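So that you can tell them apart, the chains are marked A, B, C and D in the order they are listed, and the count of residues begins at 1 in each.
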Amino acid sequence: MADLRQSVFGVEFQAPVLLASGTCGYGQEYADLIELDGLGGLVTKAVSPEPRPGNPPHRVAETPGGMINAIGLENPGLRGFIEDKLPWLRAHLKRARAFVNVVGRSEEDYATVVAGLDGEQGFLGYEINVSCPNVKGGTMFGTEERALASLVRRLRGETARPLVVKLTPNVADVGVFARICEEEGADGLSAINTFPGMVVDIERRRPLIGNRSGGISGPAILPMGVYATWRARQSCDLPIMGIGGIRNAHDALQYVLAGACLVQIGTASFVDPDAAMRTQRGIAAYLDRHGIGTFAELVGRLDAPPVPIAAVAPAG
Amino acid sequence: MADLRQSVFGVEFQAPVLLASGTCGYGQEYADLIELDGLGGLVTKAVSPEPRPGNPPHRVAETPGGMINAIGLENPGLRGFIEDKLPWLRAHLKRARAFVNVVGRSEEDYATVVAGLDGEQGFLGYEINVSCPNVKGGTMFGTEERALASLVRRLRGETARPLVVKLTPNVADVGVFARICEEEGADGLSAINTFPGMVVDIERRRPLIGNRSGGISGPAILPMGVYATWRARQSCDLPIMGIGGIRNAHDALQYVLAGACLVQIGTASFVDPDAAMRTQRGIAAYLDRHGIGTFAELVGRLDAPPVPIAAVAPAG
Amino acid sequence: MRRAADLRATRKVARDTWWLEFDCPEIARGAVPGQFVMLGVGLDAPGTWLLPRPFSIGWRGHDGRLGFLLRTFGEGTRALARLAPGDPTLLLGPLGQPFTLDPERPVWCVAGGVGLAPFIFLAAEWAAAGRTLHLLYGERDGAAVFDLELLHELTGHDAELFTEDGSVGRRGRVTAGLEPEADAQVLACGPTPMLHAVAAAARVSDVALQVSVEEHMACGVGTCQGCVVRAADGRWLKACLEGPVFPAEALAWPS
Amino acid sequence: MRRAADLRATRKVARDTWWLEFDCPEIARGAVPGQFVMLGVGLDAPGTWLLPRPFSIGWRGHDGRLGFLLRTFGEGTRALARLAPGDPTLLLGPLGQPFTLDPERPVWCVAGGVGLAPFIFLAAEWAAAGRTLHLLYGERDGAAVFDLELLHELTGHDAELFTEDGSVGRRGRVTAGLEPEADAQVLACGPTPMLHAVAAAARVSDVALQVSVEEHMACGVGTCQGCVVRAADGRWLKACLEGPVFPAEALAWPS
């Protein structure tokens, strides 16, 4: 039986599959449904300095090959997380690794959450969600090079824990942003977050989603996520968590071969809460079938020489 | 029976549905399969100054809810198009409108094609495919504000025909690029082109596609295209052709309500060559069911006030 | 709780409406009327993508069978209506808060459309316990009305039927049949406008009301925060976890 | 050319391999051996997305039936293998260039795996015309071998069978059975390595060879330019329009 363990961010991960932020609550909600502590780990729902009420319904709907969501980053805020959510993670995750997903409207917001959590026990590190509009400027942190560089630099100063930046795909070249994160001292990357999308209720002639637009996730974005992971791999040396549309080992292994040492499963868990565990088993079976002893050997083992963006730009 | 006719770009379109570039060849290939002249029109496969051989296989594969393609803009070049393709369009399209999709590696390339075609008969105008890498700079024309502005300005000087710019979705805010096109004198927009993606053959451990990466199209990108159309509608007053994942009237009407006065159907034609005609019939049926007399009344009739990007950014 | 269940039979019971029966003792065992199941096809059907959809548990057999009433509406219900025995299916449940009832007090069930489902389950349980209840059932027209013989067979009860066009049963809205005693427990499940009407009626006659609400759901278990409804105090409540059954006074109603 | 056809029957004929029969007189009428059909489910199946896949026309009945031999491989063929009579299907065809044959000269068909399909059609047409041909058929092992009785029933011919493990027929590669006369017309359909072997053999014995090639296809009719194969002169040829059957000398072969 192949060995799924590997060392990333200076610690051992018993397996490469995590549950993605916003799709597993704060762990607790899944407790009686799946064996969380048997997974690689999980990433919590976003945490902001103050509690957020979230958006009006509808917050979710199915889209072709995926779904749209506009939850509005509803969360109990830093204090609420520390008091009501973190204790459960601390008590129940012994082997699985937890990341806290951090959001904010300003650099200050992010720094407040990281600084406020850094002394606490029960999680490994941070996943910084930069798909958030920056109050000054309006555009997302993750799509503006200077804003992202400044944010990562600031947060690096606040913590020695693993600092992972979750890239947004709405940019000309994720490679550029991957490099910025590396230069500013991030420890890793998550690729990718959702794509902006909209569903129109043609009978009522209004957006189906309360927030009008939302983020698109699910199998529909699988090839975009694999591409973003590959671009990031070409552009920097940080460990990458591959995310986007993963349903099973076949999907996950595309990310792994493209360069991801860990993968996250989100939307697929809604279709089958067992998706993550089945994916782990499937990866082990693939390694055995191919006579590969350890998972780490497979990471990035794609037979495709690096090429400049020009050569890989989509060409109809 | 509702009236699908409307006047756009100074001419009448008998119906709002066109076949998308690269999915209907140069018309001819579909001649014995569907009644092209009964549609709103078509957009030809890309035309570049010189012939292009295109990419090695595999060039296409299915992806979840869509497909990936990396044809490599194979085309007979300006001369070949004028001699072998244009005459057929001139002879067979009486009521349907034809746009020529133009590609290049430099401003000069685009200008050469537009100038070279401008005196010819048999097509209405140009759709400028800016999802092409710019040899100087490497990034796509469509993702670099200055490069796009300069290109549109240049082409505006070359022709008085309808000049439509086909937006790429790989940007932080398509609205910004829509505005640039309007300021530089474009007559319309097409939204959207494909998303960069990659499929890995996990058995052979190499990209499934000869070009490694390719463009993702099909229903998977429907909500992204509707969102891009809506953003463009918020940001400028140009007529918009909505593209991306349209299979039927239900999908097309989402674009129309979001602000598109014309729609294009691409990948869905591969599943059913009749998709475009069925979509036209379905739109007419919708108008009748809702007692709307003319198609034009419906365009942009979405009950959702404009909002700044910050408020519509995807929020998990 | 997560079960790949065998679809035993599907049967058309009204226009666009099907009755589905699954073999699923594990879920049937713990189920209580008012709870629901996330019903889907899992991840293994090639070429298919479908988020599971929530369905009220519509009936349970001693042999571990589970019954659901399904009406086609959008993409998902259309796909589920086409399921045939042998197709892969995945059930998650029982989920959510059930109706909470005092067996000693009279029960009035107000059902609109497929909102009938949880009351088929409840009426059957009530009959099995030798109790009875009032079942008011409204549809737009006769073609939409659930197979009344099957209803009697399943529940041992007969519904007081209302159709808006009067083609069967009494003409008019189901609320017209509501004449609760002072200590009555009124339960309502159906379209939101109907719930509003019942809530108004309950306020007037000052009787206890529990409503089963609908909202889009992704996870069904509280992880996605997708299914919120507005609480009386303005907060968002999760329909899947804190609902789908709520005491009327817990929710914000348009005044 | 575009036809919503009724799937009449599917029948498992070997490991992972099915025989599908459709009612489709419009396509059957004009079909010639070597041509193919794009087989899909159309756009109306809720929750389903599937690009059509190309399949060689495997047989045609006087009554307008069309037969296809389908082996599951990836997502699409797995989905198509699960089709049942009554499911929506969409056929596009007949498409592509067929085999071009001189009825007076001997014909040798070399089939690898489901490459057998076009030769079932050809052998049946040949038998109907009172002619005969050589049919060499190779599979990896016995479990993969097409139902030989059905083969005889459909074609009036028997195949000379080869399996790599020798479990049925002769042990070894199908090319071992190829002994073409000087004026023979050799036809080959199967995996690319097999086509290479046959091409090499044909060059040695200097006989005319036509091969049916495989490449991913999206449109099947020449509009997408997705299905290219390399020509002898280095250009790209469209397998759907200029093929799938090519004279061996028209293609670039690895030397």
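FYI, a residue touches a chain if its C-beta (ideal position, glycine included) is under 8 Å from a C-beta of that chain, and two chains touch if they have at least 3 such contacts.
Here the structure is a predicted model, which means the values were calculated and not measured.
Between chain B and chain C, the least number of touching-chain steps is 2. Ranking every chain by how far its Cα centroid lies from the centroid of chain C, the top place goes to D.
Centre-to-centre separation between chain A and chain D, using Cα means, comes to 45 Å.
With each centre defined as the average position of its C-alpha atoms, the distance from chain C to chain D rounds to 52 Å.
Between chain A and chain B, the centres computed from C-alpha atoms are 32 Å apart. As a whole-number value, the distance joining the C-alpha centres of chain A and chain C reads 36 Å. Residue numbers of chain D whose C-beta contacts span two or more other chains: 49-50, 75-76. Along chain A, residues 22, 64-66, 69, 71, 218-220 each make contact with two or more other chains. With chains as nodes and touching pairs as edges, the resulting graph is a single ring in which every chain has exactly two contacts. Applying the touch criterion to all chain pairs gives A-B, A-C, B-D, C-D. Touching chain D in their complex are the following residues of chain C: 41, 46-50, 75-76, 78-79, 82, 84.
Interface residues of chain C, counted against chain A in their complex, comprise 1-2, 40, 42-43, 49-52, 75-76, 90, 92, 215-229, 235-236, 241. Residue ranges of chain A in contact with chain C, taken from their complex: 22-25, 29-30, 32-33, 45, 53-54, 56-62, 64-67, 69, 71, 74, 218-220, 247-248, 267-275. Residue ranges on chain A touching chain B, taken from their complex, read 21-22, 46, 55, 63-66, 68-73, 129, 131-133, 135, 138-140, 143-144, 169-173, 193-200, 202, 204-207, 211-216, 218-224, 226-227, 230, 245, 250, 253-254, 257-258, 286, 301-304, 307-316.
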